[in-house]
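The structure appears right after this line, and notes come after that.
Order of writing sets the chain letters: A, B and C. Residues in each chain are counted from 1.
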Amino acid sequence: MKPIISKQALLSLSLLLLGMMLISSPASATGPRVTKALFAIDKSEIHTLDFPPYLSSEMVDGGPISEIVNKALQHAGIDAVISTHPVQRMVKYYLLQENALAIMGRHLNLSSETRKDLIYIPVAVMTEMFYYYKPRYPNGLSWSGKLESLKGKTYGAHKGEDASAYQHAGIAVKQARTIKLLKMIASGEVDFAAIPPLTGNWLLSKYMTADKENFAVMQRPAQNEVFYIIFNRKHADGEGMAERIRKALMKMVDDGSYAEIVKKHLGAGEVINLHMGDLKERLGIKVK
Amino acid sequence: MIRHLNIKPKITILLLMILALFMFLFEAYHYADTERALNTELEALADQKITRMTEEYVIPLWEVDSNWVEKDIDIEMMDKKLYAIVVSGEGNISEGRMRDSQWRPVPVSGPVSGDYVFREHDIEHDGEKIGLVKIYLSKVFIQQALRELVVKAVITVVLEGILILLFVAVVLNKIIIRPLHDILGFTSAIADGDYSHELVMKQTDEMGELAKGVNHMRSSIRQREEQMIELNTRFKGMAEASPLAIYLSTAGVDQKAEYINPAFIKLFGYTMEDVPSVAEWWPRAYPDEAYRKQIASEWKVEIEKAIANKTEIEPIEATVTCKDGSEKIISWGFVSTSQVDCSFGLNLTEIRKAERKLRELNRELEQRVDERTNQLNEINTQLKSEALTLKKRERELEIANRKLKELDQLKSMFIASMSHELRTPLNSIIGFTGLTLEGLSGDVNDIQRDQLQRVYNAGKHLLSLINDVIDISKIEAGRIDVFPAECSLQEIVDEAVGDIQPLAAQKQLSLNVAIPKDSILLYTDRQRLLQAILNLLGNAVKFTENGGATLTVRQIGDDIEIAVSDTGIGIAKDDLPRLFEAFERLESHLRIKAGGTGLGLYLTKKICTSLLQGKVSVQSTLGKGSVFTLQIPMRMEEIDAQA
Amino acid sequence: MLTRIMTGLLLLMTWVSAGLAQDAVLSVDLDANESSPYWSASMPLDGMCGEVVHAVSEAAGITSNIQYKPLKRMIEDDSNNDLGNPEFFMVNQEFADIIPVCLYQAAIFYYAPNHKEKIILQSIDDLKGYRVGILTGTLVDRSYFESAGVVFEESYSRESMFKKMKLGRIDLCLVIDLVGHQIINQLFPEQHDNFVAIQLVKSTAPLAILLAKDYPQAEVIGDKYRQGLNRIIQNGTYEEIMRRYDGGAHTQLDWLKQLRHFERLYGIREAGNP
């Protein structure tokens, strides 16, 4: 189910992002970022792609997903730390090369073979919006809910994203990282891309401030994308930890602490739904 | 010195002085106020800065960051008012800046000196002192500001002074100075006697008013001058024609002769050349020194008296020696004004001669008068003697008159009292006779009736006579009372007519009444008026054989006239004067038939004149009839009831 | 006719020369931000890492021109070649190659005279009770540390941190090790021995040469850089440079292993994955 995001919610999200940008103090490159990981000498690591404002060393407490996962780890009795990385391949490296306990992310296009050794636990179900460039579409760009309505256009897919549906709908696909996708939208290399609005606005504010006002989102949400914590079965007690995390997350959803964390970082109201989606149903599926 | 300047520089100096004083006071106050305000502002700024810096330097000092402290100090020193800042803290932090001679911030090299406002405050972190900040705010800007203020004030004063000078030069000149000059020129022309032009000034302000006033003055002066000329001409004419010797000299010490009239010259022979001044006149006019002193003394006395009493100087007489040596007696009058002294002399020489002659005549006259007076005194004595004799005779006459009156009164009293003595038995006789005639005393036969009737009639006649006599005597004795009251004339007339009507009817005579319809109210003695009217009506009926009588009433002013006219026998002209005398009965064939006492008209007259304050008159023609007229006031005067 | 031939020969020679020049000496413009002692315009050969880059470049036959810019500008510029921790630059830029050339580690410093006993840090719990100085804006897991009872005090500069530490206002400083030592030498040269550093092994991070994706001959240059690095490691130049800067401290960690790890981690072309 693809919920329609109201303009009010978008506005709230934008304002929230602006506030986060103002409040959060980006870490200075001249000093080491003081993270939990610094002191976690023998601790397991959960590697994740830098995904601001949800997961980033530039956010307070690493962002909402970082806090949710840390809480869940705590509840699950798992002593692990989260390490963020700028590119996906680094995350995959840790998983595949160094058998990390777990990774986190979305659009992780892992092979089916690889997936066999992985346990996907949903952490957040995020609504993504199609971003487009207003100067190219002065009358706006929208879609009917069916991708065919965007036929002939070029879709900017995240690296690792399954974009087959777009291709089937006659939409050309180009892949890149999120910030790159935004630059490609501005340059016209792609017409639209699906990005969580907070992330899109955060990146635009930080790296494309002058051009930010030229970006718009289609009214109808693009899709819901699940952010997973993916446990490595190859890691000792990987399965067990996965299940514990699942339960811990489930409990957090049930007792409202999940929503409280989202509220703390992103505010109350519709924004919570935009990030929880059908998480509860997904979390209800036991680890196999 | 200023007093001697013209208006323009006076006003200029005055305005400048006022401006200077005002500006000085104002600027002095402004200076003091500004200084105070600036100092207060500086103090407040110092407080504000130290408070802010106390917070501002907490983090830099806590961070032990000299660069930060230094940068902050440099930023603070951008405020030119700051003279120096010194911040010290733990970790060997000691940063400071102060101003050099060019007012540039330089590192503090020693103790800060100068005129400044100083503040210092501890810097604390969590209650613990970590440093100290000191600031010095220079007062040089205050001094600078005050200097600028002074300069501005001086410039302002100078500019305003220039403005005032311009104002005076231009405006004042236009509205005051030039018009004043015009007026001055005009007044000079007037002073020179040029009245031909009128001063034209368009201004309607005080200058305009002054111009109007000057024009008016010109007209007045011209008019007065003309009047003066006229007066002078008249005076000169008068003086020339005057018989008085007139000597006009200037007032003051010199007393130079200004004018001598022909009379003066004619009288004394002296000309202006002879007596060019009063000083020259005196010795000529009064060559005798002692006499001259005397005259001078008399003048002095008169002058002093006039001054003291604020009156005119009384003339004095002096004997003046003329040019030809003759002497004349002159009465000198003197009038002095601020410009001239006028002496005018009246020649009294002839008058004095005439006076002497008169005095001689007078003496003769007095002698004659004395003689005549003696003669008159003798005559007077004779006349006095004769007067005495006359007085004696008068006294005798008075006594005789008094006796006569007494006698008359006695007579009246006798008659009144005797009448009473007579009336009483008469009433009895009449009364009883009447009763007997009416048969109340029994039957009477014809002879008795006839005899009784005669007695009755005689008695009635005697009673009537006695009544009349009594009335007359009372009236004459002054013993009758008058009882005036409001009464209706109509009623009185009706009653009188009613009483007489039977008698008139018996003789077949008419009895008419002509009385105004309006009711006539009288204030009189009703009874006596009735009596009078009855008498007249009775006489009219008695002395008329054919025709009748008519009573006519007429109002004449405040009087009422009641006239009884008849068509009777009339009265001869010769008999009219004694008609109203007592006991006068005129000879006529009706006398006996009419009867009467002869007192009716006399009594009527007495009643009318003595009691009713009226008069009675008669008109008659023998054989044709008579008209008796009563005229009485409608309202009697309230007098003593005793007539 | 002759003129034409001469002109053509001249042009040919020019082209060949250019080609030869290219082959002979590659010149690469690299941006760095001033962060002594790693990259510093005021230090000989641009500091420790700068010296390594120059040594690598020399060994690789490349001329590396290091220009100093503010870090923010370096991050915003998505088409330049960067020198530094790849994590800062990879978010906003695609790179053709990333060649880690140095390593750095964070350390906890303390001023021994302020503490009676030696401080041992083995876990987060050992930080409890201490006031730890960090640079403003570097604290990420605030809630975690708060709940762990660790008190951080942020400072705007490292110098301030050390001064505060010496004054006893804070107990520990968390800085990059060499930076910390440099500060100590700068501020308290006579008291260097009073400052103790505890290495945080989990903090090891690379400093790399990052070649922009569209930079001409980026891959060639990248290969050359790698070759040059290997050469100076092998010939000992690398270690000599290290020693001069860290006094041999680098030997406490298995630096080569770490370096190789980072090479693999950041090796774009090797991994073949984005």
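Simple rule for what comes next: a contact is a pair of C-beta atoms (placed from the backbone, for glycine too) under 8 Å apart; a residue touches a chain by one contact, two chains touch by 3 or more.
None of these values were measured; they are calculated from a predicted model.
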{"item": "Chain contact topology (line, ring, star, complete or other)", "value": "line"}
{"item": "Middle chain, criterion being Cα centroid separation", "value": "B"}
{"item": "Centroid distance [mean C-alpha coordinates] between subunit C and subunit B, Å", "value": "130"}
{"item": "Centroid distance [mean C-alpha coordinates] between subunit B and subunit A, Å", "value": "124"}
{"item": "Centroid distance [mean C-alpha coordinates] between subunit C and subunit A, Å", "value": "30"}
{"item": "Subunit C residues counted as touching two or more neighbouring chains", "value": "none"}
{"item": "Subunit A partner contacts - residues on subunit C that touch it in the complex", "value": "33, 35, 71, 75-76, 78, 84-88, 90-92, 94, 106, 121-124, 127, 134-145, 152, 158, 174-176, 200-203, 205, 264-266, 268, 271, 273-274"}
{"item": "Footprint of subunit C on subunit A - complex, ascending", "value": "25-41, 50, 57-62, 66-67, 70, 85-90, 92-93, 97, 159, 175-177, 179-180, 183, 206-207"}
{"item": "Residues of subunit B that touch subunit C when the two form their complex", "value": "59, 62-65, 68, 90-91"}
{"item": "Subunit B partner contacts - residues on subunit C that touch it in the complex", "value": "155-157, 159-160, 163-164, 166-167, 169"}
